[in-house]
Each structure stands twice: as C-alpha cells, then as structure tokens.
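Chain naming follows the written order as A, B, C, D, E and F, and within any one chain the residues start at number 1.
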Amino acid sequence: MPIVELHVLQGYESQEKLRLHEALTDAVRLVVPAPPEAITVLIHELKGEDYSRGGIHRQGASALPDAGDLVRTYLSAMEARDLERAQSMLSADFVMEFPGTGPLRTLDELIAWAKPRYRFVKKTYDGFDVMQSRKAATVVYCRGNLSGEWPDGDSFEGIRFIDRFEVVAGKITRQDVWNDIAEVKANA
Amino acid sequence: MPIVELHVLQGYESQEKLRLHEALTDAVRLVVPAPPEAITVLIHELKGEDYSRGGIHRQGASALPDAGDLVRTYLSAMEARDLERAQSMLSADFVMEFPGTGPLRTLDELIAWAKPRYRFVKKTYDGFDVMQSRKAATVVYCRGNLSGEWPDGDSFEGIRFIDRFEVVAGKITRQDVWNDIAEVKANA
Amino acid sequence: MPIVELHVLQGYESQEKLRLHEALTDAVRLVVPAPPEAITVLIHELKGEDYSRGGIHRQGASALPDAGDLVRTYLSAMEARDLERAQSMLSADFVMEFPGTGPLRTLDELIAWAKPRYRFVKKTYDGFDVMQSRKAATVVYCRGNLSGEWPDGDSFEGIRFIDRFEVVAGKITRQDVWNDIAEVKANA
Amino acid sequence: MPIVELHVLQGYESQEKLRLHEALTDAVRLVVPAPPEAITVLIHELKGEDYSRGGIHRQGASALPDAGDLVRTYLSAMEARDLERAQSMLSADFVMEFPGTGPLRTLDELIAWAKPRYRFVKKTYDGFDVMQSRKAATVVYCRGNLSGEWPDGDSFEGIRFIDRFEVVAGKITRQDVWNDIAEVKANA
Amino acid sequence: MPIVELHVLQGYESQEKLRLHEALTDAVRLVVPAPPEAITVLIHELKGEDYSRGGIHRQGASALPDAGDLVRTYLSAMEARDLERAQSMLSADFVMEFPGTGPLRTLDELIAWAKPRYRFVKKTYDGFDVMQSRKAATVVYCRGNLSGEWPDGDSFEGIRFIDRFEVVAGKITRQDVWNDIAEVKANA
Amino acid sequence: MPIVELHVLQGYESQEKLRLHEALTDAVRLVVPAPPEAITVLIHELKGEDYSRGGIHRQGASALPDAGDLVRTYLSAMEARDLERAQSMLSADFVMEFPGTGPLRTLDELIAWAKPRYRFVKKTYDGFDVMQSRKAATVVYCRGNLSGEWPDGDSFEGIRFIDRFEVVAGKITRQDVWNDIAEVKANA
C-alpha cells in the first residue's frame, strides 16, 4: 500500500521522471515487502513561483544524466578506442584500478598496461546495477563476459568480469575492474 | 528542495524507518542534483483502520531485514566455518560462482574447490553497496581485500575481491565472486 | 489508481471510519471505472488543537448513526408491534404512504388501515441500499418479500415489496411503501 | 470541517468532476453531521508521467456515464416505444421483474405482458436516487406517478410507481418495478 | 524544517504569491525558531472545477492590494497636496488623529489644523511594518523623520515620526500619527 | 477556501499551536480577501523518526516566547520600577529612544532622563500589534494612554503614546517611544 509523493520544482523530462518513479518505488521495496504494483508514486511538480525557502524562490536544477547510460557510453568509447570521447567523460581526479595494476590515472597508462596482455577486448553485459551512495557518488556496476584476442592472435571469450564505477556530477571519478583473465590464463 | 512524503501502515521500527529515509533521499539524489540536506523526507504512518483499498482494510507487513547486514552475517559465518548458520541464510535455489568454478550449489562443493587453493581466507571490507533491483532481488555488493594462508602455509594479504549477492525475501539466492588471487599467484 | 485522503477531526470509531472508507470508495467508483482494489482511502485524523477555521478551533461532531441499521431496527420494532420503540425513531413531521393510503402521519392510522388487509406481515430482505441525498435526507431502500396471514387466517408469502425511507438527524422523516399485495389478491 | 482530497489521473471533464465533488461530499455526509458547506473537496489531477504503480505508468480510464441519465434515457426510449434504442442500453444478461411477472428477459416479453394491461403508460418523476453499491452495480431508483390509458380507452393518472435499476459498465443489467396499478384497479 | 502547503484557487499573480510566501514564512517564524531558509512554502493552485464546498464550486477572489504600497501612495499624494487622489484612498468612515487634534474626519480639517504649525512637511522613511490584525483591518506602520518649514520660513529636519494606518478592503479607515514636533519646538 | 497545512516536528504546546493557527490564518488574509472562517489551518505533527533532511534526523526547537507577552511583562516591570527584572529581558546590545533623548543604552540613563519630566507614569493599552519582520526581529507595537504625575505633583492622564519594540531570540533589542507629552505641556 505504500504511497510516495514527491514535490519537486517543474522542469523534469518524462524519462527523468520515470527514473524517479522507479528509484522511489525500489527505495520503498528495500524495506517494505510489498509487491511492486502495490507501491504508488505521485510526482507533484511546482512552478518556481509556487515554491520558496525563507520566502525566497529557489532555482531548480537540471536532472543528472543517467549514470548507467554514462558508463555504457564510456565503455563503448573505450571499446572503439575513441580515447578523446572517453577522456571527456572522466573527472580531473579520475582513478582506475585493474587486476594487478594498482591505481592508474590516465588512459594512456591503461593502454600501455593492457598492450602485452591482449590485442583487444569486447564486453558482453549480463547486467547493470545503478545506485546512489550515501556520499556524493552514484555507483554503477556492470558485469558480464569478455571476449577478444590474446597478443598471439588466439581468441578468447566467456571470461567473467565486473566493473565498478563512481560518477559525480556527470563525470566518472573512479573505475575498479575485476575479471578472470589471470584465472583463465593459469588454466590454459 | 525536493520533499518526499511516504504514507505507510504503522508498525515500522525507528531503524527501519531510517533505512526508508536514507533510501528515499538517495532515490531522489539519483536524478535531482540537490545537496542531501535540501531533500526532506516525511513519513506519515497510518493506523490499519485509517487505510483501505476497495473499502477493505489491508494488513501491513513486517519490514525486510537489512540485506547488507544479512550478507555481512553470512560472510562472518563462512569465515568462522559455521556452515550450519551460513546454510540457514541461503534459499533452496541458491547458486554461487567463484573464479573458475562455474555454478556451484552447495557450500560443500565450495569448500572442496577451495581446499587446494588456500588454507583459509579473511576479508577486510572497503565498502558495501546495497540496492533494490527492479526485479525481486535486493543486490548487495561488498568489496575489499583478502588475507589468509596458501596451502603451503605462506600468508598473503591485500588481494582485491568483490562479491555480488542477490537476496530475496530474506534469503541469499545468488553469490558471484571475483578476485585477484590468480593474478597474484601468476606474478608470485 | 484514485487515492482519497480525508482530513477529519479525531473521534470517530473504527466502525464509523469503515463506513467512511466504503462510502468514499464507492463515491469514486460512481464515476471512475477502477476496480475497487485500485481505490485507496487514507483517513488523517486531526486533534482539535491541530485544526482551525479563522484561527479558531472548532468542535467535531459525533458520527451519524448508520441509517440502514436505524431502518432495520424500526422495521423490527414494527414487526414486533413495539409501537413505542418504533414511534421513538420517527421525527415530529413524519409522513408515510402505503399503496392506496395517501399520506398518513401516525402509526395508529397505519394500523387501522392495515387491519382489514392482513392479520400480520413479516419481511424477508433481499437488500438494503443506503445513500446520502444532495439534500438533508439520507435515503434508505429495503426490498424483499412479505409473508403473513390474510384476515381469514390463510397465509401468504413471497410477495415483493420495497420501502423507501428518508432519515434526517437520526430520525425517520418519511416512509414510502410499494408492494404486490393488490396484484396477488387480484390473481387469487 | 472535513476536507477530501482526490488524486486522480487527468482526463475527466468538468461535468464528471462535478459528479465526483458531489459524491465525495455526500459520502462524508453519510457519517459526519457537518453542514454541506463545511465539507471541502479538492481534486488533484496527475499527468500520466506523474503517476506510477510498481514504477510503471498506468492508463487512466474514461469516466463512467451518469447512471441516472442512462436510466432516464432508457425510460424515454421505452415510453417512445423506440425498442431498438432501449435494447441497445441493456446488457446481455438483462433481467426485469414487474408486478406479477416473475423474471422477464426480453423487451418483447414485457410488451406482450403489458398489452392486456394498458394501452400506454407515461411516467412523471418525483425523484431519482443514484448510488454505487459495494458490488459491481450502480443502483438507480426513480419514482413518481404513472398516467396512461387502460385497454378500454379510459385514462388513468397519479398511480405511484418506483423502479430500481442496476447498471454495470454502462449497461442496464436489472430492472425491478413496483406500482399501485393493481391497487387502483381493485378500488375502481 | 517546517513545511507550509497552501491550497488556493488559481488566479493569483506571481507578485501576490510572493507576498503569500513571505507572510506564511514569517507566520511560522513568529513561533518556530527555525532559520528562514529552513522554512519551505508550497502553493498548490486549484482550478475552479477542482474545488468545491458542499459539492458546489466557489468563486475565487482577487488579491487584496499590498497595504504597504497603498499607504506609501497615500502619503506621497498628501505630500504632493494631491488631495483628490488622497481622498480616493480613504473609506467613508475614515478617522485620523494627530498630536493634539482629537479625531479628525476630513483632509480639510487636517490642513486647517496644520496651517499654523508648518508650511509643509516631507517624510523620510526608516521602515514600514505591515501585518494583518485578527480583526478586519490590515495594519501598516511607517516611521522615519520629518523635514519641512515652520510658518516663519525656517526649515527643520530630523524630527522623528510614526504613523499607524488601518486598511480594510483596500481603503484606509484610520490614521494615527505621533511625532516629536512639540518636543523639538519646546527645546528650540 | 484557502487551506494551509503546516508540517512541523512535534513538541509544541496547545497555546503555541494556537499562535501558529492565528498567524498562518492572518498571513493568508493579508493577500486573499476570504472571510476568516473560510480559512482552514491543519497542523501535522511529525515524530523525530518520521522526519529527515539528507536522510538525517533533525532536532526540533522550542517555541519562541510570545513577543507580545514579553513586552507586556517588560512594561509592567518598568512601571513597578523592578529594574532587575526589566534588565533581564534586554539583550546586550539593547538601544532605546524616547522623544528628545537620542539613543540610550541603559535603564539608568532612561531614569535620569525621566526624572525632571514626571514623577511616575502608568500606561493604559489600546492595543498590541505583533508581527515577524522579514529580518531577525519580531516587532511589537503597543499604544494607548499615559497617566501619572508631573514633577510638581499635578496629575495627568489621557496622553497618547506608542512604543515600538524589536525582539530577537526572546530578548528585547530595541525600543522606540513616541508620545504627546511635549504637545500637552505646550498647551498647558
């Protein structure tokens, strides 16, 4: 039966509202064991002139981009080796960590590290999980399987991976990667 | 400025409400770039006699347990080799997958698999991420570092890991594990 | 999906609230073709000190009795010839009309009229319909079958009837009766 | 003081909303003895994108026709012997019962039954009562006086009648009729 | 944290709503020691067809003029000796009282009284205070300093004054004036 | 018709709520020309565990004292020459100004100034006006008539006065006084 009412300054797109509907519904489901169809969400939009704090009107803000889409786009750009585009999606203090790398700070470092390891790698996705942490970052997980070619030209596929991203203000601030490449190689 | 009002049948504990406050706040933050302190959540509890659907009173349901706590308890039980307790937290259709294992269905299978790999392993946590998926499962991620002893008695530490759990109706239905053990061994 | 919220001064019994839940649900159903279970009603009770008009607290009022129950009790009293009790439920300006009587104002008139028509009559009910009119009166319909004895001692049963009552401020102000007694007699 | 708030998907006409205002007001009046002008109703319309159940948008439905108007139109069609029109307003499982008829299922049966009883009959209305029952049917009562001509060409007037209709999904499913025709004839 | 929601028939201008935002915020601040920026006001406008009392739609009314602006305009008209304009802002039962005058009812009386006292006077404002009294009148205070010329042509300035106005239905019904003119003269 | 809903953390006394009811009603009346009895105020109290900002519970604060009562008590203390009590109600940066005094900062200065002017003075009140300014101060006006004795023992009465107070956080920060004493003396 839970009913959620959200009062928010107007200006959100239908798609952005849908993300709010879903996120608020799932927020309730985290605690209340109601079937989803028993959870109602109502969004009440307010015109600027109908909202004040301290008797002063406040500016609404544009919706944050969908962090899942952002990560998906970043991973596509990396796969296509469109480093310029990928770079544009990273924050100034971006850090990444891959198996055995320790912290890396530039895409060039990453590419240098990857070179002796594989010629290229492609990702097939089993799922994305997106959530807002209690802190600043939106956290995006994606997991699935890697396929590609080893340096010797042999191909591989079906290697499990998981990536964890942190996104702040529309920029990726952190990427952590785990996968079974070493496990597979050890058993090769 | 967003204001969230939740109307819910009474009966939730203070701690359960706090989880609702946090989850609803973060649901809004996923889309609306407001600072957390600008997001207000009001919970309005209703007595059973004050709520109806179709003119018929409905029963409220007990809160779901905190899925993060559940996973933490499960991992402690496993670390302490309290298999009975760990088993009691798994659903009948529980599946787990570790690096190189393929799907395993029993804790015994897991222990047999682990035996030649390490004498024991302990986890230090860097963080837990808990979210309700659009489907039935609550998803819990935990990540951090492994320490322990190899079969030869040498100790190891600082090996990155990440676990992904799915929890449905208070039982763990799935565990997926990634870590750098093979990477570390390959470089040993 | 319709959601009805009722804000009302506290003091209503659970049973009185249930009547509000049902009546509000059905009010919506009169216009909105939603299945009943999709119509939610929330009652928000207010303490006297939390409600004002013109900055002045107002007194809540006791619930009206269930007009259907009132009529049912009246009809039982009449059937049991407990005229004192029946009389106590009538307003000072009570009027009734039975087939062929024109307006009657006292129970004695009614009994005099009935005497040559039947020795006694009992009612079996098929249903009650209760509604608040746009005017002062709550309207109660009851319909079903009459059984009893003719003046010659022969018994009858299964004669259709319908009564329409108007109730104002807990008193019956009007009763109109239709039935098939004459039809049955004509065919006897 | 009662205040009723109705949250409903947008799309209702002004006239349909007025029916909601009236029905919700009267629903409250059935229990709370407040003067009508002390009962406030607020309708809050929601755009489709602002409402969800289970995080999924739901379709609003067109308002049900005014059951009182429907019955009035049916009775006019019957009076004008426009049987085709009248028939179109009946559900497939329509049943009617008149004094002495037992259940009839077709308008032809009714006409055959009426033939030896009167040449024609017209209705003058004293009032309509419309209410949503707890079940599927909307119930409509109309009452007033019959005038017309007996088979012998003599005219009659001022004969009390009451009709009870059940309407489901915009179709009449049941009609029950009581009147004083036999009473009047018996006294003629 | 206080949140104020105002439900009001639509039709108010942005500037009129701002006055409502400020007045409602300050009403809360009179009792609750919250910093202004912690007090949120939401105005919910209703279309005429969405509001009823007793099931009957009610007419909204035009906003009252800003009583502070009204008084300011009146004082300017008086200073400019535009008596016709000033007069148009007074109610039929207007009364004023200046130091030593007792109640005056016409602007002519005032001018006659002022003549032996000063050639002209100008006001510099330190502040306006505007509030709605519990009774019909809106009360406006303005205070500041007087400058002008004595009858002998000598100029004066910096003489403290305060005016208290009552405004009802857009007309000034009362003006009370206090100042230090006599004090200054006594010390001259 | 306006309806005001106030959501506030629980803990306010009945009397403090009444001040909120009155102040919110009058805030609306400043702009909307509705008769007071058409303005409804609903206070919704929230338990601490039902309210959060940023997912964090916030502390409610005790109500501010009634500034009108505070001023009345101060004036009584002054009239009774209970300087200790009066002093305790003044803020550290208290300033007052009487006719011809310029700014005074201590009660002793005031008493020294008054000594040659009157033996004692009593106030009869015609009315108090209390309002929250847009800034920190609550403003209290009181007006009425002075009576007392001149230094020569002659008594006086009926001399108009008005006091304006500013109150911040329960302490008087400013007092400005105007009256007709000089006017009366000049005409004596």
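Assorted remarks:
Note that in this section contacts are C-beta pairs under 8 Å (C-beta built on N, C-alpha and C of every residue); 3 or more make two chains touch, one makes a residue touch a chain.
Model, not experiment: these values are computed from the prediction.
Common neighbours of chain C and chain E, listed by label, are A, B, D, F. Among the other chains, F has the CA centre that is most remote from the centre of chain D.
Although chain A and chain D carry the same sequence, what matters here is overlap: shared residue numbers make up under half of all numbers found at their interface.
At the far end from chain C, in terms of centres built from Cα atoms, lies A. As a whole-number value, the distance joining the C-alpha centres of chain A and chain C reads 63 Å.
The centroid of the Cα atoms in chain E and the matching centroid in chain F are 19 Å apart. Per-chain CA centroids place chain A at a distance of 57 Å from chain E.
Touching two or more other chains at once are residues 1, 3, 7, 22, 26, 40, 42, 44, 51, 53, 55, 134 of chain E.
Across the assembly, chains come into contact as A-B, A-C, A-D, A-E, B-C, B-E, B-F, C-D, C-F, D-E, D-F, E-F.
Interface of chain A with chain B (complex): residues 1-9, 12, 16, 19-20, 22-24, 26-34, 51, 53, 58, 60-64, 67, 97, 99-100, 129-134, 138-139, 141, 143, 160-162, 164, 169, 176, 178-187. Of all the residues in chain C, the ones that touch chain B in their complex are 14, 17-18, 21-22, 24-26, 35-45.
Those residues of chain C lying in contact with chain F across their complex are 7, 44, 46, 49-57.
Within the complex, the chain E residues that touch chain B are 1, 3, 40, 42.
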